[in-house]
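The two complexes that follow have chain A in common; it is paired with chain B in the first and with chain C in the second.
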Partner chain A sequence: MTETPNYDGKFDAIVVGAGLAGSAAALSMAKRGLSPLVIERGTSPGTKNVFGGVLYTPTIRELVDLDDAPLERYVAEKRFSMLSEADETALSLRPGEWHDEPHNDSFTVLRGEFDEWFAERAVDAGATLLTETTVTGLLRENGRIVGVGTDRPDGRIRAPYVVLAEGGNSLVTERADLKERESRDHVAVAVKEVLEFPAREGVIEDRFRLTDDAGAAYNYFGEGAVGEAFGGGFLYTNDDTVSVGVAYRLSDAAASGQRPEETLNRFKSHPAVAPLVRDARTVEYSAKTIPEGGIESVPDLVHDGAVLVGDTAGLVLNNGVHLEGTNMAVESGVHAGAAIATAARQGRTDAAALSGYPSALSRSFVVENLERYAWLQEAAVADRELLFAELPRAVADAGAEYFRMDRDSKERHADRARERLLDAVGGYTGAAKLAARYRKVIA
Partner chain B sequence: MSVSPRVPTVENDSIEDRLYTVKYDDPGDSHLDVKVPGFCAERCESYDCVSVCPADVWRAEDGGVPTIAYENCLECGSCRFACPYNNVSWEYPETGSGVSFSHG
Partner chain C sequence: MHDFTVVVGVKQVPDADEVGLDPDTGRLDRASAPAVMNPPDRCALEAALSLKDAHAARVIAVTMGPPMATPVLREAVAMGCDDGVLITDRAFAGSDTWPTSLTLARVAEHLDADVVLCGEETTDSSTGQVPPGIAAHNGWAQLTYVEALDLRPEEGRVVAHRDVEGGYEVVAADLPVVVAVAFGSFEPRPAGLHRKLFAETEFDPRELSAADLGIEEEVGLAVSPTSVGGMETVQPVDRQGEVVDEVDDLLGPIREAVA
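After this line comes the complex of A and B, so read on.
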């Protein structure tokens, strides 16, 4: 090993993890004149990081010049699809304005490239990046967190503030009793493949109806996507690859006994999905856990000398229509960095001095959205059979009845379609209750 | 005309071939372990670690304590959350070792 400089006591703050939350926190602090050290366990930022594939960029845009960013495609189409075993019913949105800058701030991204680029922007702003270094624990003095232990020869690195941005599998944070291990009811397992299509040029553009840098984000739910589980599948187009994957509750994965890679295989073989992913070569297979406990699972965000951001803080939104996490990670990093800068000016490290972070986050879209959908997961899990199994079948059947070509009248077709739908949801009363329960998803 | 269209066959790689797509640097020692082997051998019947693992790390062919093919690990953490006995010992592989995703 080359001689390592001594980092102990040389920095204003230590950031554990150079993912999007960590680099955003580092950028936020560096822009405010602090000197943060970012410690990353991978060989370079991004090598340990996985997500589905769409990055929402309103906050990142405020921090860096996105013109140079390694973005894959802008999202020109959002498509929501219900799958039963044999049927698909889908809603596709292609608003014209998404083709125009700034493309609704929605881009497909591959984390290997993007996280490395974003961490470099933090370094440009004045942060120091230390890779291939694993934080093994937090250092405490009189209850205050004063630094981290690492696997480097000289081990301990002290600094006034520690930003915990280690991701959802939060070993350091849990070990320091700043967070409890999340229940498996509130964690999803996700598996993903990046596919390329070697047969000929233009396969992605042709299959997904794309030109130039336009891209597609397809989300799937229902039994045809992930079997008897709470979760869904996705397809996102990158520049010259496609990301395909499934994500569903760990407790369902455990109960079903069906392994994640088999669930992915079944999703890829669905009659509505197979034509989109056939004749591909797997470039990379990856997996991740997603904290989906919502606002109830968000731990205390500030401690004496430490703050929690991103997945470590459980900041992920999944309401079936909106799947967000990386944008919330960046937002949390920005506010945490700002609060640390404020506390540093006062020469304080205590939780009260850092309270600007949780209060700013509470005023932001992050907590507002999490609170808005706090009820949803519980309701959707309780209604899983109806929403994920019966409804996809009933909607497909009703569509088939409505458009049936025989010599009956349209009125009789419509009647049969209506009956099929009402039968699935428990009549007009059931339909009204269902509509009332879920109206807040979109309204 | 056929009644239902032919669904194109999607060739899926085996788990071995899938794992072969991922860069891996062997730390030499396993970063995974069970905390109390007796829990697996005597109490556990469901082997949820085996069911949830996307990388065929955990194996319990004939009951007892699962064997751990740690070099397959994609570092997702599923086993740690899934174990009903909180019996999975999980450390980050050190000094840059373990899995390295190029795309992620």
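After this line comes the complex of A and C, so read on.
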């Protein structure tokens, strides 16, 4: 028994990273009778994961029984808020239907707990999970990817397929030239804190107007949220903590020399935000990157012996209105796993044999949504000054004018409010252009 | 073929990094901390494996605990131990350092150990009594706070550096010997990838019960002599302090104090 067996070729596939995409791929393969090995660098899945928030569950619920999952709260309210330096103008949505199952498939989670639970489900189904092991490179033979190297002694292992699910900061994939390094314009830096409220019970329910398992997802835009950068802030309620964070373009972060934690602190002390996080104690702080290049930045998804899934494949919708990566990570993992199972049945590992994955993905909501919103990011970046600085101020001012209490007539108030708005957007022509440009958000 | 058997005692403890002070009550919160291998035991494992590097030795990790403690044995096997033994029995419940060291002493005999290696103490109870206890129960030599270890098979003994105040001393002891390794002196090696896979997916520890060792009547709470006399929380004393503006202003008070 002193002999160490060699595990080359003992697993059907190696999955790099036990995040949502990696565990979904492993689960998808295990359910089809394959035995994948998942390699995760953290001491347990999720410990290295930063995530502010809302897990979208339409795909994951098909894979696992979410009744036992460590979900924090369902999202009962979505609130979009524009912040200037001193003002807030907000729109809050609380559809009654969100209180009922399946709660619009939106739940706040803490990834440290959720990812561990999800990875365990993959293990239950037949996957093997190896933690505290970092993949450092890919093994190639005649151009084909045949395994991975790790940071451990005797650290190489071979398997017919490698699933790259290492998240947004995809060093292994980039080093292997399977993907170009994202330009700074296409990467957001995100910092997040988890806050608890030690003073008394019920603080979260009271401040966010919640009962039972209901939760809130607040999104913030504008100068008051992230200063002169393209991005936003967020506040999500967990069971007894709150996740608060900011995410903005890496190029802006570098340009303005503003440290992410300073930006977060400024956001937390905005007059409209500070009362929500008063008397809180920070229990966790973390920072990460979010790919936001959209469909343009999605690299080739299949190679001889390898596939790219989740954030590694750039599958994140981040356009100001939507921040969705969790659903895409799971959806891509499922399709990739299915394609590998099909290829394995044919005894093939070439890219063409794996093409079921990209074609399934392009028929799914993932590619459809990324394509649909490709323009939004670009447009919003171009209009940053107007959308994030001018408009929040103008809307707040117009509101103040409209409801002004003095001895002038209501008509005069309305006139002044209208003038203030038109002034900001460049008159009626400007307003019409703006409306035309952004109508696709809802049309 | 191996000529020597090295037995390493390892223990599962609450992760000291995660054992927080509950900020509200000021009490230690151990329950929520995950279980990990006692960090000093990793040094003992490294010491054992370095003996194996140099000699034809067989290294066996042993732990006393419920089946839940199996992961520390897997970790030991992943690092390179040849085998792992779980000493598990309801009869052990409530054992203090006396029956615990008796048990480990019997296990060492049972496994025909030439060298028993332990960490210098455990982070959850910090008595440091178990390694000397094993030696005492078996009438073997003991070396504590060992920083370096040289096994000399032809002489039938080991030569060790012991950490003593102000330096180290070089001592030799005849085999069999119990060695407690100084924490921090043997940097534990990382587990090899394939070995770790083996340890986590295929390895199952051998189990030994109190009956296997013939000590059913000699272990457990009833025969544990330790009794806790009581606990006292000590209030910190106020220290005298004075803030000075200039470095030079320090000189006077210091002179006064040392005069």
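Assume the second predicted complex is superposed on the first by the 437 of 443 C-alpha atoms of A that agree within 3 Å, B and C clash if a C-alpha of one lies under 4 Å from a C-alpha of the other, contacts with A are read in each partner's own complex, and residues count from 1 in each chain.
Heads up, the rule we're going with is that contacts are C-beta pairs under 8 Å (C-beta built on N, C-alpha and C of every residue); 3 or more make two chains touch, one makes a residue touch a chain.
On a predicted model such as this, the values are computed, not experimentally measured, just so you know.
> Considering only touches as defined above, state whether A:Gly155 meets chain B (first), chain C (second), both or neither.
Second partner only, chain C.
> Tell me the contact category for A:Pro198 with respect to chain B and chain C: first, second, both or neither.
In the superposed model, A:Pro198 contacts chain C only, not chain B.
> Residues of chain A touched: more by chain B or chain C?
Per-residue touch count on chain A favours B.
> Classify the contacts of A:Asp408 with the two partner chains as first (chain B alone), second (chain C alone), both, or neither.
The answer is neither, since A:Asp408 touches no partner chain.
> Does the superposition put A:Asp239 against chain B (first), chain C (second), both, or neither?
A:Asp239 contacts neither chain B nor chain C.
> With the two structures laid over each other on chain A, which partner does A:Gly168 touch: chain B (first), chain C (second), both, or neither?
Once the two structures are laid over each other on A, A:Gly168 reaches chain B alone.
> Between chain B (first) and chain C (second), which, if any, makes contact with A:Asn6: first, second, both or neither?
After superposition on chain A, A:Asn6 lies in contact with chain C alone.
> Applying the touch criterion given at the start, work out whether A:Lys288 contacts chain B, chain C, both or neither, answering first, second, both or neither.
It touches chain B, and chain C stays clear.
> May I ask you to decide whether A:Ser269 touches chain B, chain C, both, or neither, giving the answer as first, second, both or neither?
Touch partner of A:Ser269: chain B, not chain C.
> Looking at the overlay, does A:Arg181 come into contact with chain B only (first), chain C only (second), both, or neither?
first
> Both chain B and chain C contact which residues of chain A?
133, 151
> Using the touch definition from the top, list the residues of chain B that touch chain A in their complex.
Going by the criterion above, the answer is residues 5, 7-10, 12-13, 15, 17-19, 21-23, 25, 46, 48, 51-56, 74-78, 80-82, 86, 90-96, 98-104.
> Of all residues in chain A, which touch chain B in the complex?
Per the stated touch rule, the residues are 41-43, 46-51, 110-113, 115, 131-134, 136, 151, 168-169, 171, 181-184, 187, 189-191, 193-194, 241, 250-251, 253-254, 256-261, 264-265, 268-269, 271, 274-275, 277-280, 282-289.
> Please give the residue numbers of chain A that touch chain C in the complex, ascending.
1-2, 4-7, 37, 128, 130, 133, 150-157, 198, 281
> If we count contacts the way the header does, which residues on chain C are in touch with chain A in the complex?
23-24, 58, 82-83, 189-198, 200-203
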